[in-house]
Amino acid sequence: MSKKLTVLCASAHPDDIELQCAGTLIRYVKEGHKVYMAIACTGNVGSKDHTGPEIEAIRAVEAQKGADVIGAELIMLGYKDADIWLDHPHWIKYVDLIRRTNPDVILTHDRDDYVHDHSNVGELVYRAAIWASVSNIPECKLAPIDHIPSVFYFETIGTTRVAPPDHYVDISQEFDQKMLAFRQHKSQHSDFLEKQFGVTDWFDALETTNKLRGFQCGCKYAEAFRVVQTWPNHKPYRLLPPVQFGSR
Amino acid sequence: MSKKLTVLCASAHPDDIELQCAGTLIRYVKEGHKVYMAIACTGNVGSKDHTGPEIEAIRAVEAQKGADVIGAELIMLGYKDADIWLDHPHWIKYVDLIRRTNPDVILTHDRDDYVHDHSNVGELVYRAAIWASVSNIPECKLAPIDHIPSVFYFETIGTTRVAPPDHYVDISQEFDQKMLAFRQHKSQHSDFLEKQFGVTDWFDALETTNKLRGFQCGCKYAEAFRVVQTWPNHKPYRLLPPVQFGSR
Amino acid sequence: MSKKLTVLCASAHPDDIELQCAGTLIRYVKEGHKVYMAIACTGNVGSKDHTGPEIEAIRAVEAQKGADVIGAELIMLGYKDADIWLDHPHWIKYVDLIRRTNPDVILTHDRDDYVHDHSNVGELVYRAAIWASVSNIPECKLAPIDHIPSVFYFETIGTTRVAPPDHYVDISQEFDQKMLAFRQHKSQHSDFLEKQFGVTDWFDALETTNKLRGFQCGCKYAEAFRVVQTWPNHKPYRLLPPVQFGSR
Amino acid sequence: MSKKLTVLCASAHPDDIELQCAGTLIRYVKEGHKVYMAIACTGNVGSKDHTGPEIEAIRAVEAQKGADVIGAELIMLGYKDADIWLDHPHWIKYVDLIRRTNPDVILTHDRDDYVHDHSNVGELVYRAAIWASVSNIPECKLAPIDHIPSVFYFETIGTTRVAPPDHYVDISQEFDQKMLAFRQHKSQHSDFLEKQFGVTDWFDALETTNKLRGFQCGCKYAEAFRVVQTWPNHKPYRLLPPVQFGSR
Amino acid sequence: MSKKLTVLCASAHPDDIELQCAGTLIRYVKEGHKVYMAIACTGNVGSKDHTGPEIEAIRAVEAQKGADVIGAELIMLGYKDADIWLDHPHWIKYVDLIRRTNPDVILTHDRDDYVHDHSNVGELVYRAAIWASVSNIPECKLAPIDHIPSVFYFETIGTTRVAPPDHYVDISQEFDQKMLAFRQHKSQHSDFLEKQFGVTDWFDALETTNKLRGFQCGCKYAEAFRVVQTWPNHKPYRLLPPVQFGSR
Amino acid sequence: MSKKLTVLCASAHPDDIELQCAGTLIRYVKEGHKVYMAIACTGNVGSKDHTGPEIEAIRAVEAQKGADVIGAELIMLGYKDADIWLDHPHWIKYVDLIRRTNPDVILTHDRDDYVHDHSNVGELVYRAAIWASVSNIPECKLAPIDHIPSVFYFETIGTTRVAPPDHYVDISQEFDQKMLAFRQHKSQHSDFLEKQFGVTDWFDALETTNKLRGFQCGCKYAEAFRVVQTWPNHKPYRLLPPVQFGSR
């Protein structure tokens, strides 16, 4: 089918999307679909040298550059890092985000991700997707949309504690562009996380993950996803690239 | 054993219970047990044509009619739709609900249900059941009960994302009465959810689910449940109809 | 991509395929793909009134009629019912079946199906798919093919003991033709299995299952599948209808 | 309902049943049901001091004594220890065993048990249960029964690698009689397995397991079971003691 | 390696640690490691005879005595029982707790434990462990630590609803000392929980659990743990006793 | 403890071990433990250019070279590729293998590996480990050993369809030697499997897997394992390198 999709990718921090699913977003853009990137937090904890406000300003610029490389429209929600919890005000914010962007497909963090602002963004977005089409929610500022978007979880860092992926996207031709997008987040690629995470080269970590996913599904580089297994989320056609909207 | 049970069925919205486990409640009533239906939310989002207050009033009447068909005592908790979260005030409300109704058995939403006020009601009720017998909770208004009720999760809509059921109830003889109860919720059976959920005929959806569950366990219509697998919830006898309270 | 696929559907008994995935096969045929149906057993136990040889003859005719309605080429392997075990001669037979049909996609029984000739056919076919491209297998009569087909498990009867499906196929437009194919197996639709299985109307059981699967994925009737989660089986594009072979 | 059940308990070795589910069998007998104990193997490896034939003779006597304490009818199938595999002759043997005993309920080893003659007996019995009612199986000597018995897995030793139990039986009042039955297997209670298994006191191991199961479900001693989650095995009423056959 | 570890054991109530993992803590102490016990709640609901403030005072003394037997340093966080929820203030408290104690290893409640202040403490501690090394968290009072501690879940009461353990600690030689520590919590060992939980003898329940765990792993008494399966938590060496810090 | 272990690594084909766990074996050797490599099959299907006998001869030499690099003693069982099934003669062979090598630890294929001679070797070895210490097995040629070795599953190719690993081994310092061992299997590194598996560079595939496992557990290169979760297999101390035999 020739319908063009609207895709909302919702993450916790600047650079999460570039690390996990930028290749897929680039494929969406190449196929002519509209892509939004919604980043929950400012990234204020992402430095040992800068103050919170300083690093927030730096990362806002980096986030915009990353989105530009991908070809997506950037939305910053302005929360502080770590301060994302499952409560009504956060949830309302995500309902309105979905109403504003009106997506067909949502990509977000797995609810079993290792860090709580990741997993909570994933849970909030999923929970908002179910309700964005519902009338009469008192606190919402925008009108309901007319459908329920389908939600997929993207990769978790290290790929652990989650079931095997059920969908793969071949990003072999988009891998260089993905790397370029990731490279915009310069403030995050020094050694300030090395002792905690044991990672010295994030580019290598990213490439290793996408190579392994490619190996699993028979191509050079891939990104992996899990569809949320709830009603009425799972569709009888493919919403990830190559997209095939509608079952006929 | 001849002891009569008290059963508390706790759901999020008016009509959830009629859809998921009304047949089982009818069997409890037929066997002479006392049944409470506790509905958390007013159903204020359940319309595209009515305002929140209008639809709340309509649904309160429908809820009472549904409970009357089932033969259960209705309790409305008065929350707004979607505004059920895992926090202390909600939890206290459920502890007091359990103290007030003093149930032996609780039926509620699965904590992996597709929508958050469903799953949060399920989680809150379970968590309240464990504590309702405990003294000295500062905010509680009612005195502790003397035992811990057993909790079962009823069906999720679409039956997805949860493990296979471990208990079935044959509702072949109660199916018509269940349908009659469900039919009381007239405001919910127009086409206003058709585009979002792809469902045009909720009666058919209900019948399909109960037929499949019947097919799985060897009868015409059945409802399916999962016992909460925690201490000290699971008993060495059957608490679902046909009830067999006590192990001798 | 415009490549036409070859599809092998491998089941244990005549009528298994019509029950579980005929709608999907019909869609493959409609899209112009080649479909083989390979039935392991003669169906010799499928009667209380006929002798083994009599019912075998009847069911061979029914199987051909079913395949004709679907538009598939029929292959009968000639084993006796229940006599399918995981050993070398059975496996060699399936390697040669795959070499003879040279499929891109294989649909078969889940290895957790309720009955052992079902599950063993599923396991043998999967295990043969991995090896059909390998040289030097002493007992094989046919030359290796040049690739490894992807294997999907179709539905189990009653849909229990397996994880949720990860792929759906909308068969709303093919449902009547599927029913017609299933109807060819007249010898199986009397009441001779009623006491054991508690099923009086197999057409209703079939419709109920496909309706529930449709309800889960947002269409009228659907069939559900699980991809085998092993290397190198899972692909970054869709091989079930609507087919989208190749990732670009 | 007042129907009396026939129960078949199928294990690999003499003393398996006494260890795992004798308390439940005693309750069945107390309630007036008929119980068969079918032991696959002679127990020929169960000694370091005796030859195979010697220990076989000793254990045959012990098995009979154990069955007598339980009140069950003993059937010895005569296989050698460890020589139980998933093939046609073994399976036919179990189909005929089920036809001969005509059970309503079967208790057997979990297919994930730690040792292969345990798990293979469990798998064979389950697979035979599905087919015992089927006509025309060439190798069977006995006529088909008219229904499919329900199968439950009893405990695995050490209780590991399996999902949590979904059914419990309170054996507090039967525990002493169970111990007495277990005590009949004197040849197995010396220290000849101590180094391998690290167990010096099997009576203590048995008591510990049943105490923990009792703790989990709120009684002094219990035995735990898992129902086989396949069609058409799971029933909407309770078949374990206290038995409640039939759904009305 | 000879490095001495710092271990933080975080529980909800006084006596949780003594019940679940005191044997392991005693082994840590014996090996020369530093152990902290951080108890979230005062235990104010732990009595039917005393008022909240009275029982809080009693349990504070008992907690100190238990910690003394173990050889650990006690930290009381002062929350009320049951009032532990997943929100920002609770989380900040745990980040600062980890910064203050600077642990290499954390032992805590499983997030699937049966009661919510248990499971929420487990979730909060895990989520704080990931972030304790991060700069710029506005509300934190203490400076970041330089690494991410590894988190293990200890046993749940009754051992249900969780996957099998993946790590065991032999506490055969520490069992008596563990019992002595548990015995300090005298206020909890009367019969005031007997009706709810069906437990009359907590010492027996404790011994049964540790015996079963010992039976599973081949020693007399053991405690069981699950490592949190997320990045970067799981290490290629053993952090539980016998400790083997570092991979060379 | 200073006890030296004997380690048996059992695989299906020449080069499986080098690919999956050679780094761990090298660490065992470095720590002074004895290592056996037992290869079930000759590798006769591993070529498109050579006949079966030719490639068998070539691979026997390669296998010896690989074992030499690792420092292990090689045992070839001489089966044909793919012809490994779960039956009594194969099982007896593995019981005698374990009696001959008398291991403390066994590393082998996961029973959920993607190809059946892999998974069947894994299952046979595990099942033989349980019985190798048992007397009176009629067909065995060697005397029983006096203990039950612990079994670990090594990695599956592509790492899919299995639960997350529960043990990691850091092989950063052994990685080059592992690569050298793998490089001995020259006959397998041409492009003859490229079309089927989509792999052009096996060295890169190997490195990617070990890098990802290293990333997951905080080192440069790692190999991952799953302990078999059955009685009496799991021990309260570490048997993988760094080895820590015995719990004190």
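By letter and in written order, the chains are A, B, C, D, E and F; residue numbering begins at 1 in each of them.
Keep this in mind: a contact is a pair of C-beta atoms (placed from the backbone, for glycine too) under 8 Å apart; a residue touches a chain by one contact, two chains touch by 3 or more.
It should be emphasised that the depicted structure is a prediction, and the values quoted were computed from it without experimental measurement.
S.K.: In the chain contact graph, what is the shortest path length, in steps, from chain B to chain D?
M.R.: Shortest path length, in steps: 1.
S.K.: Among the remaining chains, which ones contact both chain B and chain E?
M.R.: A, D
S.K.: Using only the C-alpha atoms, find the rotation that maps chain D onto chain E and quote its angle between 0 and 180 degrees, to the nearest 5.
M.R.: A turn of 180 degrees brings the C-alpha atoms of chain D onto chain E.
S.K.: Do chain C and chain D, two copies of one chain sequence, contact each other through the same residue numbers, with over half in common, or through different ones?
M.R.: Chain C vs chain D: different; shared/all numbers falls short of half.
S.K.: When the centre of a chain is set as the mean of its C-alpha atoms, what distance in Å lies between chain E and chain F?
M.R.: Comparing mean C-alpha positions, chain F is 37 Å from chain E.
S.K.: I'd like to verify one number: the distance from the centre of chain A to the centre of chain F, where each centre is the average of its C-alpha atoms, in whole angstrom.
M.R.: 39
S.K.: What positions in chain B touch 2 or more of the other chains?
M.R.: Residues 86-87, 158, 160-161, 164, 197-198, 215-216, 218-219, 229, 231-232, 234 of chain B touch two or more partner chains.
S.K.: Strictly by the criterion at the top, what is the full list of touching chain pairs?
M.R.: Listed by label, chains in contact pair as A-B, A-C, A-E, A-F, B-C, B-D, B-E, C-D, C-F, D-E, D-F, E-F.
S.K.: Inside the complex, what are the residues of chain B that reach chain E?
M.R.: So the residues of chain B in touch with chain E come to 86-88, 91, 127, 130-131, 133-138, 146-148, 228-234.
S.K.: What does chain C use to touch chain B in their complex?
M.R.: Where chain C meets chain B, its residues are 158-161, 164, 197-199, 204-205, 208-209, 211-212, 215-216, 218-219.
S.K.: Help me check something: in the complex, which residues belonging to chain D touch chain F?
M.R.: Interface residues on the chain D side: 44-48, 51-52, 55, 80-83, 85-87, 113-116, 156-158, 160-161, 195-198.
S.K.: In the complex formed with chain E, which residues of chain F make contact?
M.R.: Where chain F meets chain E, its residues are 164-166, 168-170, 173, 215-219, 222, 227, 229, 231-232, 234-238, 242, 244, 247-248.
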